[in-house]
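Labels run A, B and C following the written order; every chain starts at residue 1.
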Amino acid sequence: MEKPLRSVVIAILCVGLLMVPTGAGVAGAAKAVGNLNLGVIADVKNLNPYMGYGSSETFVIGWVYDTLLGWDSDEGLVPGLADSWEIKDGGTSVEFKLNPNAKWHDGKPVTAEDVEFSFNFIREKRFPSFMAIIGNLAGAKAIDKHTVRVTFRSPSSNAVRFIATAPSILPKHIWSKIDDPRNYPNLDNPIGCGPCAVAERRDGQFITLKNLGNHYRSSLNVETITLRVLRDETMGIMALRRGDLDALLWSVDPAVAEEIDRNPKGYPNVKVAMAPSTSVRTLMFNLRRAPWNDATLRKAVSLAINQKELIDQVLLGYGSEQGPGLVVPSDLHYNKALGPVPRDVAKAKAILDQAGYVDKNRDGIREDKNGKPIKLEILTGNLPTSINLAELLVYQIKQIGIDAYFTPLTAESLRNKEQAADFDAAVSSVSFSVPDMMFYYAHTSRGVINEGRVAGFNYGGYSNPEYDKLAEAMLVEMNDQARIKLLRDMQAKLAEAYYHIPLFSSNVLMLYRDDRFTGWTVEPDSCINNSTTYSNLVYKGGK
Amino acid sequence: MHDIASRLWRHPRGRVGIIITAAVIIIAIAAPWIAPYDPYDIGQRGPRRLPPGPGHPLGTDAQGKDILSKLIYGARVSLIVGITTGVCVTVLGALLGIVAGYLGGFADTLIMRTCDILFVVPGLPLMILLANYMGTKFYMIIVIFTMLGWAGVARMIRSQVLSLKSRDFVVASRSVGARPGHIMREHILVSVSPLLIVNGVLSAAGVMVAEAGLSFLGFGDPTAVSWGKMLYEAQSGHALLFGAWWWVIPPGLAIFITVFGFMMFGYALEEVLNPHIPRQSAYSKLRKRMARYAGIGKQAGIGRPGGGESIG
Amino acid sequence: MSGAYWARRLLQTALILFIVVTLNFFLPRLTPGTPAGHLYNDPRLSPEAKQEILAQFGLDKPLHVQYAVYLGNLLRGELGTSFSYRRPVSEIILSRIPWTLVLTLSSFLVSVALGVALGAAAAWKRGGHLDTILLSASIVVSALPSFWIAMILTLILAFYWPVFPAYGMVSPHVPVGWNWAFIGSVARHAFLPVLSMCIGGIVGYGILVRNSMVEISGEDFVRTARAKGLSENTALYRHALRNAMLPLVTRIGMSLSGLVGGATVIETIFSWEGMGLLIVEASRSLDYPLMQGTMLIMAVITILANLCADLAYARLDPRVKLK
């Protein structure tokens, strides 16, 4: 080819190559439009990615910083800062391949050294929020510019998910210079590699994130996200109604949802998003204390519980009944065979009669094997909904001839009594979305009493060697399908134990407006506050 | 006694005070018979958030309980807490005030310094802490208020005692060889008792407002039906969002009327029992005393019974 | 005012302060529950990990050691770091006090100014209409809980007839700083809270001034002034009012201690980020350093206020001899 033509061809080829999207594409190439206003209750007091824990703080940190992977409720682990990952050495190490286009907000590229630094930083500085994992974290090593290997002391199925999705990756060139990282609030211009940076902040009032538009993966379409701090829920709802806010990022009182559903004209353009939560409210028995160590008695109580009435009265209908496996249907490892057990007062009375718990002296209360009337003290919190729930429980349980009553306590006092194993039964809640929790809440070792305090969260002292074996195997099972099978077996065991009796699972209710932005997507637990929403949100126009 | 009662009745404010106070007490006692529903009975709940109408003259609350019935039963908590605390505070304060004033010396210093500390420590955080520690059942509230409230009474009594100590009848008694206990009981106590009675009544009024305030902040007895708690439920139940004025006005009005009645009664009582004290200074002295007692409430920024502090 | 008196007074004050500081330290720790509870909530934590977290917050050492550390820090003026804010307590308190002062000082000034005017006018025509109204109003108003007034005002003026904002301290879009937009916004937001607070105050001060003046108008020196030929006006305003200052100042002195903590419930209702709300938050979350810091600051202010009140009283009334 002649020289000038060749250079033209080369030039065209180069331009052509530049136009081919690299990797996932420079997303957000379309102009980001719209200012999203979100109402929050908690203030942003601290933007230290390893110390902040308030919901508003984790929200902001999540936009400014990236983690290695993300978690999707349908697919599980999905790419984040890392394009791919591989579990090696029988589960004791994981290798991540980082996306080569990731850049810090100050322009420097993100490399495996930053990841190596971040994990070793966590280990050295002993950040309290990561204490649970530090014990098992052996270290991290950069293999090459974009590959890093994280190693554990012992294999753990959940450890990978935890280290990949919880700790933000920090820029080594900034954080290696910080003297006292545990007390560093990081409020001035935090540098991360996420889609947004902090544009403006007023303590106690609002914080505005600006979409930088050059993220390697995110497809955020809005220009700015502002979190407005509201001290009072009512005022937040009024602000939403007025149009000052686009959504409220907390779960509202069912009464509010009911009001809006009853009276939509009074709340133009305001919608209620309803999502199932992943936690189950339960009545937890103390299996160490007679007569509650008798499963028949506990089974009778569970048959007396009217979940529907509880949902209608306490949640105003915004909830769903739960099965005794204590895992919610939206979780991948849910055991379909363990659906909600219908209430059956006649059966409850029958099994009590059969077991010998009869009301001999005709006072309406059955007596136990020693002739003493059966009393059940239920410990509960002292907020109005807790009291309401307890009143209903007592009312229902009394119908089968057990003298039930409740004692309201502050949250701290309640936890204290649970830890001291000093209770008959307590209103509690469990969330087994993170499967490891099924070990920590029900394994024998977590119910042992040391120096007067229960070692773990198995406050009621459930102890079943078969369950223990299943749970221990589940913790280290790296194959997803095998693990799910183990989890389903564990749920079946729990269902026969009547240790935690399910009361209901509430719905997460969030309010939003659909006039300025569309694309709100509801997912379990997070409701509208999830990454799918933010990827889909598009500004429609309006003030 | 009969003489005092009839004089009270003839006193214009006294009459108002007696009528209101008696009415509230009767309502509280007769609650199970006059209330249309039982707010503690789950089976008697109606539709939620009803505005006033047939069947529920004051509407229903967020759980369907009848507001009028709650109002009537609420009188019990307010009265029990108010009157009992008023009595306890007065008794304790009088005891310590008389001991401090009459015996002087170490007892005096100890008691007075404790008073100083109690005045200085911020009331609300202390109350919250104590409530956390001791529980929030209404008898605990009574104990907490008593612990924080005796100081004002003690100080006032003590200054009265100091002035009485040098009076003729006391000196005479001493010279005859009467024992200190005897003197304190027979002479001093008798002299200050009008003051105590009035103070008791006014303290009760102050405590009712303070208890309402404490319940309003969420620290009251969680199972009891009280006027303050009704206001708390109104606030946290988004009354302002739903425009549910029938949640806000009745309980506050109830508090107001009851406290007003007690105060009328108290002031009239004071004038009747101490006719030689000129009216005005009695007022200002009382204000000061009420302010000191209500110091808890003031420091907590809760109620402002009597006197009306400008701040909080 | 002998030097000996003040020396003793200062010593007593120091003692009280010490006792308050000690109580301040121990009381929060009596309640069941650990302060770093939220950090403990992870069931995967091993006992060693829990110990380490405790150590990080200095909570693992025996109580008397913690106490010594606490005292040492206090002497250096360090109030510790808040558990939940993770910023120095002093910084948090300093950022919140001004907002409380906006409410309390405004309410205070309005109450005193209007109250004195009202009271003087009522005393001027004793037994007249204003006087009777004031006397009746005083009892009515003092039976009204201020937080109820606040709720009703909010219902009326923010819900049914939205004239004033019902929450917050300043509209979010307004830039902070000494500009008219900011001051105006704060003023609008402060209107309802201050109104709720000063209704009682106006009447209270009014009654106080009225009673003092009525008391005094019968006393000797006013009669002397009249005899001297001074006009009634002068007699009233120069002597009576001046002497009515005495109880007024005493009352003001007592109210000073409420400047910082006295608006708690109002702040809760209106979501006003002042000291009152801070105290409630700190107590609820068992944030020890913050709780201790706020209680201490409030105690100190109260003590100082009492001292000032006594000083002013002594200066104003030469009859008082402070032994």
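Heads up, the rule we're going with is that contacts are C-beta pairs under 8 Å (C-beta built on N, C-alpha and C of every residue); 3 or more make two chains touch, one makes a residue touch a chain.
None of these values were measured; they are calculated from a predicted model.
Trainee: Tell me which of B-C and A-C has more C-beta pairs in contact.
Mentor: B-C is joined by more C-beta pairs in contact.
Trainee: Of all the chains shown, whose C-alpha centre falls nearest the centre of every protein C-alpha atom combined?
Mentor: C
Trainee: Taking the mean of the CA coordinates per chain, how far is subunit A from subunit B in Å?
Mentor: Those two chain centres are 47 Å apart.
Trainee: Between subunit B and subunit C, tell me the centre distance in angstrom, where each centre is the average of that chain's C-alpha atoms.
Mentor: Measuring from centre to centre gives 22 Å for this pair.
Trainee: Could you please state the distance in Å, as a whole number, between where the Cα atoms of subunit A are centred and where those of subunit C are centred?
Mentor: The computed centroid separation for subunit A versus subunit C comes out at 41 Å.
Trainee: Counting only residues that touch at least 2 other chains, which ones in subunit C make the list?
Mentor: 31-32, 166
Trainee: At least two partner chains per residue is the criterion; list those residues in subunit A.
Mentor: In subunit A, 238, 410, 412-413 touch at least two other chains.
Trainee: Could you check subunit B for residues that touch two or more other chains and list them?
Mentor: In subunit B, residues 132, 240 touch at least two other chains, as defined above.
Trainee: Please name which positions on subunit A make contact with subunit C in the complex.
Mentor: 45-46, 48, 51, 53, 126, 128-129, 131-135, 182-183, 185, 202-206, 228, 230-232, 235, 238, 410-413, 415-416, 436-437, 440-441, 446, 450, 455-457
Trainee: Spell out the residues on subunit B that touch subunit C in their complex, using ranges where they run on.
Mentor: That would be residues 113, 116-117, 119-122, 124-126, 128-129, 132-133, 205, 209, 212-213, 216-217, 231, 234-235, 239-240, 243, 245, 248-249, 252, 255-257, 259-260, 263-264, 267, 278, 280-281, 283-284, 287-288, 290-292, 295, 298-312 of subunit B.
Trainee: Quick one: which bits of subunit C touch subunit B in the complex? Just the residue numbers, please.
Mentor: Answer in residue numbers: 12, 15-16, 19-20, 23-24, 27-28, 30-32, 104, 107-108, 111-112, 115, 138-148, 151-152, 154-155, 158-160, 166, 197-198, 200-205, 207-208, 211-212, 214-215, 247, 250-251, 254-255, 257-259, 261-269, 276, 279-280, 282-284, 291, 294-295, 298-299, 302-303, 306.
Trainee: Going by the contact rule at the top, pick out the subunit A residues touching subunit B in the complex.
Mentor: Contacts found on subunit A: 233-234, 237-238, 253, 255-256, 258-259, 313, 316, 382-384, 387-388, 391-392, 395, 408-410, 412-413.
Trainee: Show me the residue ranges of subunit C that touch subunit A in the complex, using the header's touch definition.
Mentor: So the residues of subunit C touching subunit A come out as 31-33, 36-39, 42-50, 52-53, 56, 81, 84-87, 95, 166-168, 170, 172, 176, 271, 273, 277, 286.
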